[in-house]
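Each of the two complexes below includes chain A, the first together with chain B, the second together with chain C.
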Partner chain A sequence: MSTTPSPPTTNACGTCALNNAANLRRLGVDPSGHDLVVALAGNPNTGKSTVFNALTGLRQHVGNWAGKTVDRAEGGFEYHERRYKLVDLPGTYSLLSTSEDEDIARDFLVFGRPDVTAVVVDATRLERDLNLVLQILQITTRVVVAVNLVDEARRHGITVDFRHLSRELGVPAVGMAARRGTGIEDLLDALERVALSPDSFDGRRVVHRNRRLERAVSHLAERITQHVPGVTNPRWVALRLLEGDPALERAVAEGRLRDLVADPAGPRSETVPEEPDA
Partner chain B sequence: MTRSPILDETDRLRAELPENFRDDIVESLYAEAARISATSLSHAERPARPTLDKLLDRILTHRVWGFLAMGVLLFGVFWFTIAGAAVPSDLLSGLLVEHGHEQLTRLARLLSLPDWMSGLLVDGVYLSTAWVVAVMLPPMAIFFPLFTILEDFGYLPRVAFNLDRLFAKAGAHGKQALTMMMGYGCNAAGVTATRVIDSPRERLIAVITNNFSICNGRWPVLILLGTVFLGQLAPPPLAAVVAAASVTTVAALGVLTALVVSWGLSRTVLRGATSVYSLELPPYRPPRVWRTLYTSLIDRTLKVLRRAVTMAAPAGAVTWLISNITVADASLAAHLVDLLAPLGWLMGLNGIILLAYLVAVPANEIVVPTILMLTMTLGTNLFGAEQGVLLDLGTAETATVLVQAGGWTLLTAVNLMLFTLLHNPCGTTILTIWHETRSATWTAVATLLPVGLGIVVTSLTAAVARWAGWG
Partner chain C sequence: MNTTLDRLSPGETATVTALDVEGPQRRRLMDLGILPGTRIRADRSSPLGDPTAYLVRGSLLVLRRNHAGRIHVDRHQG
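== the complex of A and B ==
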C-alpha cells in the first residue's frame, strides 16, 4: 500500500481555508485503502461535524444544535502520506445509558477499535464534556482531546491550560476553533502521534470512591484478563458487566470478548485487511 | 449453552454491592471531571457577552413573546422569499418556458420529429421541467439560506424549547420537537433523527407525526400556492404579505396537528409514561453569512431542485401520455378525473387535483405544474393550449386560468394548501420509516394517517364553507 512520494500541496491547498495544514489532503467520501482509522466522538453540538468537514473536505450538514448527527458518517483524508479513514460518531452525552445513538458510538469504540479517537469537547462546557472523555478513556487510551470553540471561550473570558489538561488526562489535548479552521494542524499532529505510537498511553482511570465497588471492579477485571488475556480495557468491561450491560453480557456469552484483544504490535500495521463493520 | 464463568462471577460480585452502586459510578466520574475542569480553566472577571445571550433567550424562549417572535420570524422569512422571488421567477419563466419552448418546438419541426415524439419530449418532459426550475429555483435560493442562517445562529433549539412544553403536555417526548426541526429540512432525515428518543413508544409518535413538519419539497409548493392563489386575492401592495401570512398559518397548523395527533396517539394506541429529559440550548453564534449562502445554495437548493427536475421529467411525460391516449371517446386523464371527481368535490378540491397528486406521488414538488397542465387540457380551452401541454403563463394569468378553466374558488386554493400539509409522506420518507421501524403496520399508519386526516379536514372545511355559502 504505497502512497505518492510527495503529497500534492500546491493546487489543493492554494484555495484551501486551512493552508497552514499544508500536508493535509482531503479525500472526501473516499476512505478506500486507508492505513489508519480515526473515530470522531464528542458531546452533541461541540462541532464534530465541523471538524469532520474540515478534515475530509465534505460538506456534511452542520447546524448549531444538539442531536443533529445520529448516523455514522465516514470520510477520508491523507496526512504525511498516510491515508486515514475518519468515522464521525453520533454526539452523545455519555456512554452509560442506552439509546440507539449511544450504542452506535460505543459499539464502534469498543468493537471497531479505531487506531485513535478524537474526542471533540466544547471549551465553554469543559466540565460536562470531560465526563464523556473520562468514559471513553476507560474504553481506549488512544485518544486525542480536541478542545473546540476556544474562540468562543475566550469571548466568555475563559482560557484553557492545555498542558495541564493533557497531563491530567494522560493523552494529548489540543485547542481549536474549527469554524475558523484554526487548530486543525495541531489536531492532525496529535492524531498521527497517538495513532503511530507503539506504546500504550496512560490515560486517566477513574478510581471509584466506593471501596467495595473498586474492589469488585478490580477483581472482575483480573478474572477477565485471566480468561481472555490481552483485553485492552478489562476494568471497563468489568464495570459494564457489573452494571448489567446486555450488549457486553452477550459478547461474553458468545465468546466475542476476544475481539477486544489489542494487536500486540500496538497500532495496526498496513497489512491489516478491511476491518469488518462493527 | 453453559453460562460463562465470568458472568457467574459478575452476578456474585454484584450481589455484594450496595444497591445504589450505579450512582456511585456516576458520582466518581462527575467528581473527577469537575476537578480536572476546575484546575484546567481560568476565568476572567466578568464576561460581557452572556448577558446579551441571556437577554435574547429571555425574549425568544418567553412563554408569550417566544411564540410571537417565532411567528414574526417565520412570517418575515416567507415574506422576504415571496417578495424577492417574484422578479427572478418571471425572468426565468420568460427565458425557459416561453422562449425555450418556442425554440425547441421549432427545432423539433426542423428535425421533422413525429408529432407524438415532439409532444412527449418538448411539450411533456421539457416544459414541465422548465416550469419547475422557473417557479421553484428563485424561492428556494432565497428561503434556504435564510433558514440556514437562523439555524446557524442557534435559533432552532429555541423553537424546540418553546414547543417542548406543549409536546410534554401532549404526552410526547421533548426531543420530538428537535426531530420536527429536522423534519423542516427533510422528513426522511427527521424520521432518522428520532433515534435520539429512547422510548420506543415516544419514538413511534415522533416518526408518525414527523410528516406534519413541512419539508424542503413542500415549502416551495406552499409558497407557490400562497403566492399564486391567495396573494392574488389581495390588492397588489398587500399580495406578498397575504401570501406570507398564509404560509405561516399552514406551518403553524402543522405544529398544531403534530401536537393533536401526538396527544391522540399517546392517549390511545401508544399509551405510556412521558420521559423526562433536558434540552440543551446552545450559545448564539454569529452566523457565517457567506459560507451559509454557499452551502445552502449548493447543498439544499440544488439538491431539492435536482430531485424536482428528475421527478418532473417523467411526470411531464406521464401527464402528456394520459392526456393523449384516448379510450372510448375521451382521454385516459378525462376518465380518471371523472372517477376522482366525487371525492374531489367532497374534499373541496376537484378530480384534476387528485389525479395530479397521484401522478406526483414520488415528489410533491411537481403537483402544481401537473394541475395546471391537466386543467388546461381538460377544462375549457382558454388560451388555445394543446392537449397535455403545460401552459406558459405568469402568476396572475395562472390564477385566471384556474378560476375560469378549472372552476377554482377560494375554497379550492385553501384546501389545496391544507392538503399539501396533510397527505402521505413522499416515497423516500415512507421507505425510511420502514427502515427505522421495521414494521409494516406502523409504516402503513404513518403513511395513511396523514392522508386520512387530510381527507377529513378538507371535507370538513368544504362542508363548512358550502354551508356558509362561500364554496
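== the complex of A and C ==
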C-alpha cells in the first residue's frame, strides 16, 4: 500500500478483507460522550458476554450480574467515527416472569430508550430463544438479532436461513461465531443501520384480535401518555398493567414511571441532534 | 395416552396437552418453551428419581416431580 511509514494504528487494515471489524475501535469501560446507545439482550449462555467483550475489548468475565449491586455492565466502542455505549443486560429467558434480572432488562428496554437493541440468540436453540426476540419486538422494533454459535450449530448439522429469518421478524438477523470473532463486522453494520435509520422497522408483532381487550389497551395507553409524556411504548405498558404485572403496578403507584422515562441511559453527547421518536 | 410428565420413563416422548399451573410458574414454564403442543422427551433422572431432565426444543430442562406432575401430556406410542 502506502510507502510512507505509518503509525502503529494505521487504518491500512481497514482495507484488508481478512481483518474483521477493522473500523471498530474498542473503548473498554469508557463510554463517555457517546452518540448512540446499544442494549445487549439475550438468553443466558448464548455468548452474550463474548459479544460484549468482542465489541468493547474488555476481557473480564461479565457474567450474569445479580440485580442489586451492579445492575448492568457498560462499555464503549467506536465504529465509523461514532461512539457507542454498549449496555449489557442480564441474561433472561423472558421479560414477563417476575425476577429482578428480568425487571432490570425490561426497564432498560422500555424506559432507557436504546437506539438499537442487539438480541443474542443461540443458533442451536433458535426455537426456544426466539421467545425473547418476540417479546422484545413488542417493546421496540429497533432490534438486530445476532444469531451466535453458528459454528457449533453447523457441527450439529444446523444451518440458519438468515434472509428468511430476517424477513419473518422484520428486523436484520446476522450470523456470528463471536468466540472466533466472525460476524462482528456484520453485527456492527446492522447495528449502525438500525440505530441511524429515521424510519421505524416493521418488526413482527404478536397480535390479539379481541375487541374488548383492544379497547381497554387503547384507553389505558392514552391515559398513560397523558400522565407520563415520553413513554416509548404506552401500549406495551398498558398491556402489562392489564395483565397485572406487579413491578409495573408498583412503578405507577409510586410515581416512578416518570423517573424511569427520564433517560436512565445517561446523558448523551450534546453535538448529536435528538433521535426522532420511533 | 393421557398422563402427566412425571410418569414418563427415560427415553419416552410425549406432547404437552395442558399446564395445570397458574401465575408466575405457568409463565415461567411457557418461557422455557413448555406449551400445549410442545414435544418433550424424558432424558434421564437423578439417582433418587427426582428431579428429572427433559429435552425441550433442543435444550435440557430439569424439573422437580411436583412440577412435572402438573404438566399433562399425551404419551407417544412405540
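Heads up, the rule we're going with is that the second predicted complex is superposed on the first by the 194 of 278 C-alpha atoms of A that agree within 3 Å, B and C clash if a C-alpha of one lies under 4 Å from a C-alpha of the other, contacts with A are read in each partner's own complex, and residues count from 1 in each chain.
FYI, a residue touches a chain if its C-beta (ideal position, glycine included) is under 8 Å from a C-beta of that chain, and two chains touch if they have at least 3 such contacts.
Here the structure is a predicted model, which is why all the values come from computation and not from measurement.
When the two complexes are overlaid on their common chain A, residue A:196 makes contact with neither chain B nor chain C. Taking chain A as the reference chain, the count of touched residues is higher for B when chain B and chain C are set side by side. Look at A:44: by the touch rule set out above, it reaches chain B but stays clear of chain C. Look at A:131: by the touch rule set out above, it reaches both chain B and chain C. Residue overlap on chain A between the chain B contacts of one complex and the chain C contacts of the other covers 96-98, 124, 126-128, 131.
By the touch rule above, chain B contacts chain A in their complex via residues 1, 3-7, 9-10, 13-14, 16-18, 21-22, 24-34, 36-47, 49-50, 151-154, 156-157, 160, 175, 178, 181-182, 185, 192-193, 195-198, 279-280, 282-283, 285, 288, 295, 298-299. Of all residues in chain A, only 93-94, 96-98, 124-128, 131 touch chain C in the complex they form.
The part of chain C that touches chain A in the complex is made up of residues 24, 27-28, 31-33, 56-59. Residues 44-45, 59, 61, 63-68, 70-71, 90, 96-101, 124, 126-128, 130-131, 133-135, 152, 155-161, 164-165, 168-169, 179, 204, 206-210, 212-213, 216, 219-220, 223-224, 227, 238-239, 241-244, 249, 252-253, 255, 257 of chain A are the ones touching chain B in the complex.
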